[in-house]
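Two complexes come next, and they have one chain in common, chain A, joined by chain B in the first and chain C in the second.
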Partner chain A sequence: MAPGTLYVEDVAEGDEAPVRSHVLTRTDLVAYAGASGDYNPMHHDEVIATASGQPSVFGHGMFSMGLLGSALTDYVGVGNVRRFQVRFAKQTWPSEKLETKIVVTGTRNEAGEHLVDLDVRLHNADGEEKVVGQATAVLASRS
Partner chain B sequence: MSQSVLSEIIGQPTGKSVVTVERGHLATFAGAVKDASPVYRDPRAATEAGLAGIPAPPTYPFVMENFGVFPELQPSDAPTGNAMVSVLGPLMAKGGLILHGEQEFTYHRPIFAGDVLEGEGKVVDAYQKESKGKTMTFVVVETVWTDQATGDPVCTSRMNIIHRI
Partner chain C sequence: MSDQAQAQSGDLEQRLSGFAGQSSGESSEGPDEVNQAMIRHWVEAMGDTNPVYVDDAAAKDAGFPGVIAPPTMLQAWIMRGLRASQDVEAARAAGTAQGDGPTDRLMSMLDEAGFTSVVATNCDQHYVRPLVLGDRVSMTSVIESVSAEKSTGLGVGHFISNRLDFTDQHGESVATMRFRILKFRPRTEAASGAESTGAPEATARPKRPRPSLTQDNRFFFEGTKEGNLLIQRCSGCSTLRHPPRPACPTCRSFEWDTVKSSGRGTIYSYVVNHHPKVPAFDYPLVVALIELEEGTRLVANVSGIASDAVVIGTPVQARFETFDDELTLPVFHPVDGSDIGDTRTVTESKGAH
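Then we have the complex of A and B:
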């Protein structure tokens, strides 16, 4: 088990992971398009996006999930995530401040492993939820 | 599109592919999701974190088919049709919007640089709903990734796509 990972003895329902906060830029969208191979112009071409009736380009849903995933692995340790599920609730827009909220909903034992269940969300500064989901990760034990 | 047409595509394959997972791309992808962790960039940091190699960020399985699919690695029995495309194609021809509704990953082990993974996708659900005067068509595709060398399961990706018109 990796150093800096989460121990079952230290985790309780209601605990919150450190918040990750990020102001979305058009450069982020270009970088994500290149790194993901998703070149849907709605995410990088302002001319096409506005001609289609959108106020501007908007973020890839999978960028939002990726940002949330980074906060998740910061908390539980890379390699310890067992399940990660989200629903894409709202579009994200350049200049929005996106913030993660990850809350422990419970811990359990399954097949000799300690697991933690988490409520995972990404919202903007006004509290509008962009991505809502759940995750499960394996925990280390001191005993 | 009738419900029976949609029911017929449940269980149909969406493709089979073999991907290679490359270190440079993992670091680039980690940067794109704003993750500065050294485990994605430095094998010494990965080892120190107890990892067997440079790992992939959690959402990486969604994009790996866009990069690591090289022709000589592909299975000769890969299905040629894609059930999702055959349903969404005619719908998109009528206009409307394609939305990514939900995404789920189940991980059996971390993905590492150097992995060669085999993915097999199929439609696991398809249905239509009327909502606020719009027709919503839902197609759920599940892709099961296994380690080509051992046949062990690595990750299952479940994608819910919505066409709205």
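Then we have the complex of A and C:
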């Protein structure tokens, strides 16, 4: 296991990870389409998106999951995330400020490993939840 | 629904359910090995500046053999690329995608049935180990399930769950991913006079209000999620009661269990709600007191009948409508053969008891 930035002794239920926030732009969506290989035009072609009745292009669900993923790895350490599960609750829109909220829901021992369970959410400035989910990561111990 | 339409819909459901368990077969290898250029583009798009993704020394300091790929970049390693995606889309549009894998054939079948829009609803990733530069990722996929037709806030559609298994160049598992999508028919009745565009206008639709869950009523809403209409039953004297409450009004026992209702009943009373319009609901909204054949009554919406053609005493049957991931409620429809075209339009509503 890679050395974690977080030790199990330092974690308690209710702890919150540092917030990561990002204002979504159309450029992000174009960059992400190319980088991820997801070329669904609803995410980058304003003409097609509005012709389909959408107010504009909208963010990839996996972009939202990736933002949360970065906040998660910043907190528990890269390489320590075991499971990351989300529900895409709402679409994200250009110029929305997206913020992460990650809260520790508990720690446990399983097969000799220290695991932390987290509630993970991404919301906009109005508090509308975009992505809701859970994650489990393995933590190092000082002992 | 006409008998013919019902038969066709039943046939589609049967063909769709046949996809469950179908595998993509041979594993497909991603076009490129895990490489720095793709990782750099991806982390720049995401704004993730963690050095372990771009700096060999930093990655080694962190205990890795070298630069690693971000976990949520997983799927990027097996994407088929822009041209191939466009070719598949074109073939699907032309109806010639039959030779492709089960997922493409399933998507084509749903497109033809009018379920043309798609939205991701869930993603669940398990990571076995971080991917490092030089890894060669392959993937097999299995269609785990195709749901029956569901009503959602976006429109009517089918949920499709896929499981993707990712392996490395040694055939060892590196990650698995479950991905659930909704393939839906966009709503055409746009709300409040907005011009119909055939678009999923309801994407921004607010959710219905949540029920306030208590230890007494929780069973009811958990039951509806499973497609069961449950009635509270006193363990002491077997009297059924609804709405749920802690004690039996007959024998005062606090002990209770539940029985499953047949969902059959009649409209005991109703109102048609026109104003005020709450955005989560469609209007005119028929709110009825349904008398179940088991004897208890419950308040629910009535659908499948014009609001000005609702008649007290109409036999109805519960169906379950899923409004969002948290909320499934019974909605009552007139049973086949009942005279829903009845011209004795009831213009006044009888007050509920």
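Basically, the second predicted complex is superposed on the first by the 139 of 143 C-alpha atoms of A that agree within 3 Å, B and C clash if a C-alpha of one lies under 4 Å from a C-alpha of the other, contacts with A are read in each partner's own complex, and residues count from 1 in each chain.
Convention: a residue touches a chain if its C-beta (ideal position, glycine included) is under 8 Å from a C-beta of that chain, and two chains touch if they have at least 3 such contacts.
Computed from a prediction, not measured in an experiment: that's the story for all the values here.
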{"item": "When chain B and chain C are modelled together on chain A, clash or fit", "value": "clash"}
{"item": "Contacts of A:73 with chain B and chain C, given as first, second, both or neither", "value": "both"}
{"item": "Partner chain(s) touched by A:14 [first = chain B, second = chain C, both, neither]", "value": "neither"}
{"item": "First, second, both or neither for A:54, with chain B first and chain C second", "value": "second"}
{"item": "Partner chain(s) touched by A:112 [first = chain B, second = chain C, both, neither]", "value": "neither"}
{"item": "Which of chain B and chain C A:31 touches, first, second, both or neither", "value": "both"}
{"item": "Touching partner for A:83 - first (chain B), second (chain C), both, neither", "value": "both"}
{"item": "Contacts of A:127 with chain B and chain C, given as first, second, both or neither", "value": "neither"}
{"item": "Segment of chain C that clashes with chain B, given the candidates 9-17, 207-215, 261-269 or 297-305", "value": "9-17"}
{"item": "Shared chain A surface residues [contacts with chain B and with chain C]", "value": "1-3, 22, 28, 31-32, 34-38, 61-63, 65-67, 69-70, 73-74, 77-79, 81-88"}
{"item": "Chain C-touching residues of chain A, taken from the complex the two chains share", "value": "1-3, 22, 28, 31-32, 34-39, 51-55, 61-63, 65-67, 69-70, 73-74, 77-79, 81-91"}
{"item": "List of chain A residues in touch with chain B within their complex", "value": "1-5, 20, 22, 28, 31-32, 34-38, 61-63, 65-67, 69-70, 72-74, 77-79, 81-88"}
{"item": "Interfacial residue positions of chain C with respect to chain A in the complex", "value": "38, 41-42, 44-48, 50, 52-53, 62-64, 68, 70-73, 75-76, 79-82, 85-86, 117, 119-127, 130, 186, 197-201, 203-204, 325"}
{"item": "Contacting residues of chain B [partner chain A, same complex]", "value": "25, 28-29, 31-35, 37, 39-40, 48-51, 55, 57-59, 62-63, 66-67, 99-107, 110, 158"}
